[in-house]
Every structure is written in C-alpha cells, then in structure tokens.
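In what comes next, chain A is part of two complexes: it sits with chain B in the first one and with chain C in the second one.
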Partner chain A sequence: MASSIENNNEKLTLKSSDGEEFLVEKHVALQSTLLQNMLDSDCSSADVIPLPKIDARTLALVLGYCKKHADASSSKQGELNSFDSEFLKDMDMGALFNLVLAANFMEIKGLLDIAAQKIADTIKDKPHQEVREIFHVENDYTPEEEAAVREENRWAFEGFP
Partner chain B sequence: MARKSSSNKRPNSTTGGGSPSGTSPLAETIANNLDLLSEILVRLPAKSLIQFESVSKHWMSLISSSHFSTTHSSRNPSPSVSGLYSYEISASDNSKRLNTVSFRGHRNLPSLTFLDGLRGNNDSKPVIQHSLNGLILLRHFDDGTTSYIVCNPTTKKCKTLPPGCFSKLPHLAYLAFDPSKSPHYKVVLISMYCVDVYSSHDASWGHVFVADIYFTNIKGVFWNGAIHWLSDGNGLMRFDVDAMEMIAIPSPTKPKILSSRKILYFGECGGRLVLAQFCSGFPMAFGLLELDKDYSGWSVKCRVDLTRLRSEFPEMHNLGYKFFGFRVLYVLKGEKEKDFVVVLAIPGRVISYKLRGKAWDVLPGLCPSASYDGGAYPFVETLFPV
Partner chain C sequence: MKRKKRSTSDIISYLPSNVTENILKDLPLRDAVRTSVLSRKWRYKWVTLPELVINDKFFLEGWDDEKVKAVIYQVLLFHRGPLIKFTLRYPPFESCLDINNWIFVLSTKNIQDFTFYLQGGLCHEIPCHFYSFMKLRDLNVAKCVFKPPPTFKGFSRLVNLIFVDVTISSEMRGLFISSCPLLERLQLTDCAAFDSLEINAPNLKYFGFFGIFESVSLENTPCLAEISVTLVSWYTPLEQPEEETDSEWVKFFRSLPAIEDMHLDRSFLELQEVEIRHFSGADPEMLFVKILLAYSVVLKKMVIWHEHEMSDKKGFAMVKELTRFPRASSDAELIVDANVPTG
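== the complex of A and B ==
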C-alpha cells in the first residue's frame, strides 16, 4: 500500500462495457480489491483496464462512491453514512442491480453491503408475487403447491393479498 | 476521476435500467448467482424470508438450507420480540389451551399446531417450558417417559432430544444459547442435586452434581451465558452453562429484594436483568429494577403506579385467586432509550403500558381468566436451525 501513497497522483484508465473511458486516481481505484490485486501483481501495465461487465452509467456511480470513500480519511463516519444514503436515495431496482453486480465484480465490499441492504429494504414489505417479478424468477410451484406453502406459513402473510 | 470520452450523458440514477425489459437480464443474473442472492436475502427479516419461500422452489431450498439459516441467524442475532405464547386455563375443567399475544397490531404469531404430530399414545401434548431467542423448549410426558423437544416456530422445525439419564427428581428445564456467539444451543435441566446439559454441538447429554441449590419458585432467566435465579434472602444464583458451574452471587445490600411472593417479574430486557417488585403498602404500584452488569447491585429505574389504569379498567378490582388485579407478563424497552413498556395481563385483556406518558394499548389475542397463571413465552422470528 505504501507505493500507492507515494504515487498518489498516478492515474489509471478504466474502460466500461460500452466503451467509455474513465481516468481515475490510483488511490480511488484501490477501493476495489480487484483493481488493487491487479496493481499489486502488476497486471495493470496495460494502458487501459477493461471492465467488460460494467456500463458507463454504473461505472460513473461506482467511481463516485470510491472517490468519496477514498478521500474519507479526513471526513467523519457520520458524513460517509449520510453520503451513502443520499447516494442510493431514489435509485431504482435496475440501477441497484447494476451496482450490486459491479461491486461484486470489482470487489468493493462497502458498496456491495449498502446496495444489497438497499435492495433488501426495498423488497422487505412487498408481496412475494412482486418479488418474483422483480427478480424475474420463474414460478415452478403448481398453484396447489404454492397455496400449500403459503397456508403452512399463514402467519407470515398477515396483511398481504 | 475524469471522463475521457466526449459523451455528455450524465449518470442518472433515477432512470438506470428502469424499464422492466431492461432489468430482466440483470435480475436473472442476480437471481442465478447464489452468493449474490444470499447476500441480499440474508439482510431481510426472517418473516419476509418465510413469505419469500413462496417465490419458487429454488428460493425455498436456499432459505431453508441450514447454511443460509445459520448465517442469517448469526447476522441477525437479536430480533425484537413480536409477541408471546401463553396458556389460557379453562375455568371449567382446568385444561390448558395455547394462545398468543401480538405486540405489533394484528400480526399473527406462528401457530404451534404442527406439534400435534408429536402427540403421544394417550393424546398427551408437549408443554412449553421455556423460550429463548426464537426457540421453544417443550416437555412431553407420555406413557411414563419424559422427553424434550426443541422447536423453532418460525421455520416449524423441531427436534426431539435423545433420551438422557436426566434425574428422576422434579426438575426445571431451560434453553441456553446466544446466536450472536454460537450456532449451537444447550438445554439445561436443573434438579435438586444435579444439572443435566444437552449440547446441540455434539448432540449428547452431560451432567454435573451441584450442592445446596436454594432458589425461589420464580423462573430462571438466561442472560450473559448463564441461567440466573433469585435465591432466598436477597441474592442470586447463576449456572454458567459453558463452565457447567453453579455460582452464588452475594446479595447487594440496597435496595432490598422482597420475598418471592412480592416479585412480579424477573427477566431480561435491553441486555440487562430486570425485576419488578411490589412497593410496600401500595397494592397497585411496583418498582422496576435493573441489575448492574457486574452484579454489584440493583438500581431502581422507575416506580409504576397502575391506579389510573385501574380506573380505566375497573375489572382490575375484581381479583381472582391468582391475580392481584394484574400480572406482569413481559417488560421490554420502549422507543426511547430510558423508556420501558410493560405487558400486563388483567382480567379478560392484555395491555401494553408505556411507562413514559402512561399510555396503553389493548393487545390482540390472549384473554386471561381468573385462573390464568401468567406464564408467558416470548416469540422472536429467527431462522436458527434446531
């Protein structure tokens, strides 16, 4: 990690799946364990690091998160928490799914945590039929089986259609 | 960070992948990635997960797997109590019927009718002995033999413990476990000279002999790795479950703990042991005390006067032989740090009484009769595997 502090001004270029390039300060990129491992093992000699699974819109969000958290040494935890909740506020499910996948791929644990938590908070009180649609899960229960599972757990469905 | 490309479309979080067709491959990628799906689902409360078992067979098998349920319960170690199980006693034939009290509006508690499958030859039913952190311990006396059953009402899973050589003497039975510390539970049976302990870790019983147990008839309470009892003469006993050791705790001099018939409640609340005892000379008032973490003494948190509540519910004048006009079923922390909520049984009703502001609600469910004996078993939702 010492090298990253010495070379604080070093920058690297990330390329999104849709071809957009982002110039990123190294200490910001180090929020990602994937990028850190690449830099440590010197796999980053290439000019541009392609991130084939992450589109530009998502990558911009991810890097915004990383920048805030990389620069956070001087700021307070409370400030970061309010940044996190503001960051995710009003984000729709598609954007959250993109973030979770990007955070998972780039190994950014903090971002994975808050995005997964936001998805959980959003679906927590939704009926299971709606959750099935949100995740595009195929219903492999027969109507009888589904009714039986539901009947067995009737207490958990209190107040649901 | 700077964008090199000339594209001027701004990242707009509110429209990202908004259309259903846009999210579909994404959603499928996540739903098919077991690690990622678990990462999301593990953050849901147990009750939502029980509902989402109806999403698909795949979700059902994930949610009910022992790996997922262990992870979920260790990451959600102390969900709040959502209600109580308690036995109503029929005035006509003294038979017991299990009912529930719901703390959160009309939310139901899981029914325990799935235990009916365990009924014995002579139609004997298992009876609840203790509940802790979402598990329930039942004793089943059938055809002259006693067996113990641990069940999780949330998941409807139960396990009959292997027969042990537990004492023929009368004994009390307790659960001991803390999902934040261990994925295993213990069952502790206490008789006059012997303590039998079942550990789910190696699925076997062990025992230890103990001398001179003098505790009152008030039920013991699991807290901080030990079961605690009030002993005669102002003191406490605790059985350290891991060390298998009975320890007497010297009694603090002040304030005085009254004799057991003046004690209305002994339990755990907000990470501390609490005790409710009558205020001398005031039949409708009691003090709520909290034990210091180092056992150095009790501190009086507040004095509760139910005179006003009685003027609202005059049936509290009508005392049955086991009632003082009310019973304390449960004490929990209120929304504010120093606030307490006391759950009271009064003839025909269960009331939650907020000490701050003296506000009350009638809770749905249980309807205590004059012969009601006040044993109440808190329920919390958990996936903890038995």
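== the complex of A and C ==
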C-alpha cells in the first residue's frame, strides 16, 4: 500500500496527538529519519501516519523546519543558519522541550542539535541554583550530600556561589 | 509508585538519555560537571559524556600546571564508558609523563576523534598505548613524536589527519600514511621531518602542507581533488640579494623530479581547485602552472597569489602569458592577484 503515497502526488498525511492532520510533501517528510525508514520499509500501510507523542502546535513547528531545510539548496547554508537561530528565538521552555522531544522521536538530527544547543545555552555560565529554578528541578539532596558532591567536583565550582 | 515529589514541570531531568547527552556535550566541561549538584538524578549524568573537550574555557585564571593536571586526572577518573571525542588543546601545555597516563586511560574508550595540541618545550613521544586507538577517524596532533612499534598495522578507519610539528622516523612515515587506507584529508604543517615524503593514499581528496619540504611525491592518489601548498623559508639569510636566491617554492618544484610524471598521474586530472601562494613568476613555476592547466580536465578554478604587486611591465607580461596557457578544462577560471591572503 506504500504505492498509495506515491500515487497521491508524493504527499503523506501525519496526525498529531490531538488529532490534527497535516498533509506533507514527501521530500519534506524525508528530513525525518523515522519517516524515511517507514517509507523505505513500506510499513506505512495506512494513509495517515499517527504521531501520538507530538501535539499539533509542535508538529507545525517541526514541519516548518523540515520544509525550510528540504527546499533550501546546499549553497544557501548561511541562509539556513540564520533561519535556525531565528526559529528558536523567543521560544518558551515548554515549547522548546516539546520540540527537542519531537525532533528526537522523529529523528531529525539538525533540529535536535539546535534545540539541544539552545537548552545548553540557557544552562551555561549560570549558578546551579538558578538552573534549578529555570528548569523546575527539585533539589532532593540533603545539605550534607550536596556539600559532598560539590567537594567531589570542587574545581568546576570555583568562581560560583 | 511514590511520585508526589516529582514536579510535573521538571522535564529536563526526565529526557531520553541521548537528548541529555546532546545537551551536556554542548556545554563547556565545567558547566556540564556542575550539573551534578542539581539533584540526585543529575549526580552522574555528566560522567558518560561522549565528548571531553579540554581547552582554554576549561581553566580559570591562576591555575598552575599542577592544578590543571590534577583536574584532568579527576575528570578521567570519573568518566565512564566510551568517548567519541577527546580534545586537549590548552596553549601552555608542555610534554610531561602524565600525558602517557592519560593516553593509557583513553586507550580503553574507543576514541574516534583525537585532538592533542602541545606547545613549547620538547616534542612529546606518543606512548605505545596510542597505537591501539583502532576506532580513530580524526587525528589532529601538534608537537609530538611518533614511533610506531613494528607490529603497528595502521589506523584502518582514519579519514582526517592533521600533523603540526610532528616527527616520525623516516622508515615509518610513508608506511604510517599508506597504512591508513581510508585517509581523505592530510595536512602537514611545519613537519620539517617529513621531507622526501611519498604519499600513497588511494582515497586522498585533500592534501595541504605548510612549511619546508625537500620533496613530496604523490605515488598513488587517484582521488586527489584539492592541494594547498604554502612553502615558507625560515632560513633564507636576509642579507642575501633576492634575485640570487630561489624561493622555497622554486626549490620545491626543482626538487620534484616527478613533475613530468605528475601530469601523467591520474590524480592531477581530477583537480578541481588549485590555489598557489607566493608565486614569483619564475620559469619552473610558470611551467608548473602550464602543466596543471593543460592536464586538469575538470579544473574549475585556479587562484594564483603573486608575491608582489604586478603593476609593472614585467608583471603585465606575466599575467598575459598565464592567461594564454591552453586549458584542458573549458570551465577553468584563472585568477591572478597580488593580495596574498594571510594564514
């Protein structure tokens, strides 16, 4: 039944976790290794490919990224780089995590890399107390344990409170 | 399951491990190590980092060599599992015995990308454990001496090799390169000890060298598409009049008995881009350009950086002659300029 995709003007339909359907050109979908493998192995027998872990808002963002990268020629690397940095600008943490998880699930390496880099940039140079606050990480160490961990890696904490 | 302590908005602590690794490897090592104190879940996340990069961002001002070494030991002691990439590139680091201990630890980690830059003092002799880094794809080394044991069979997966001020015994150097069958990029910088080098690398696409060479001959390089040559003379005495000394460039081509052979070698037929620096217009150089243009059928671009301004009559005549050379490739663009690029 994979041929049905080819007959359908090289398009396929993706369905988000909240039930919204997205019609995607095949060359755009191929940015995702997951979809590529599904198409290669003919296992997408259904006309609609469900993506139960990805909501519509995130999937729209992901497909926007894929379309830009699929359509750009390799000579326009500079343009793609500025697209990438604009793409994640001003994105809130919740949306960024949805995106990194979607990119990981759909195996879109370029998107996974830039989203991970953005999260890393948020951690970089900040004292750990601030990192805990930003990411809502609950400190479950006892004060003695925490002191021991700091002592274990003392060199990395020099210059930090 | 007791879950009430877990904050629902804490997503970062529950990411798939490969995503966490991806985030941690984008951090400077100090920042990655500091995540250990966030919570119990984070204590040992950094120890399986796939890449360890020790560069100037790693250190704080005021750390002396002993402190730096202690920290490197500490990091290697904690690290668990395989390591794809290891980089030690810290400007004032000199040869010392600790390096051998680190390489011994690293030899168990299946490293694919190894960068090791030392400076000052003596070249460091690479210990024998290093020759068991069989997964290497990228090797980038400065100020080291390689003495592979007779049993060394080459790095069978090596693709990129950069040597800066590296010495290998004369009997081993050709063998070292020819026993890396997948080698695609080779760059030799200030490797004076690599004179009379014979290169046998069937997959070589790029060959760059910077420094002084007696001769280089390309024995078996059918895929070579890009060559970058910068020859520098450190030793020309200043008082000698310019006209009487051949530039190192000219010496290079004089010392290449294979010029006649080179154009027969299929490797040159595959050249697409050529950049020639410090061109003086001397006869052997003109001949070399003529040969390259006449035989490189897929040449797209040749850039010649002349060492002086060419506004005089002589310069004009030279450019005229260059542009008249027949070109085997109809697409070949020839650019002659006097603005020698730096670096």
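For this structure, a couple of remarks:
Assume the second predicted complex is superposed on the first by the 130 of 161 C-alpha atoms of A that agree within 3 Å, B and C clash if a C-alpha of one lies under 4 Å from a C-alpha of the other, contacts with A are read in each partner's own complex, and residues count from 1 in each chain.
Going forward, a contact is a pair of C-beta atoms (placed from the backbone, for glycine too) under 8 Å apart; a residue touches a chain by one contact, two chains touch by 3 or more.
Keep in mind that this is a model prediction, so the values were computed, not measured.
In the superposed pair of complexes, A:58 makes contact with chain B only, with no contact to chain C. In the superposed model, A:19 lies in contact with chain B only, and not with chain C. Look at A:91: by the touch rule set out above, it reaches chain B but stays clear of chain C. When both complexes are overlaid on chain A, the residue A:33 reaches neither chain B nor chain C. Shared-chain residue A:81: touches no atom of chain B or chain C.
Judged by the document's definition of touching, chain A residues 94, 97, 100-101, 104, 112, 116-117, 119-121, 123-125, 128, 131-132, 135-141, 146, 149-150, 152-153, 155-160 lie at the interface with chain B and also at the interface with chain C. Residues 1-5, 7, 9, 11-20, 22-24, 26-31, 33, 35-37, 39-41, 43-45, 47-48, 50-60, 106-111, 156 of chain B touch chain A in their complex.
Put simply, chain A touches chain B in their complex at residues 13, 19-25, 28, 56-58, 60-61, 63-64, 67, 90-95, 97-98, 100-101, 104, 112, 116-117, 119-121, 123-125, 127-128, 131-141, 146, 149-150, 152-160.
Residues 5-7, 9-13, 15-16, 18-19, 22-24, 26-31, 33-43, 60, 67, 70-71, 74 of chain C are the ones touching chain A in the complex.
By the touch rule above, chain A contacts chain C in their complex via residues 94, 97, 100-101, 104, 112-113, 116-117, 119-121, 123-125, 128, 131-132, 135-141, 145-146, 149-150, 152-153, 155-160.
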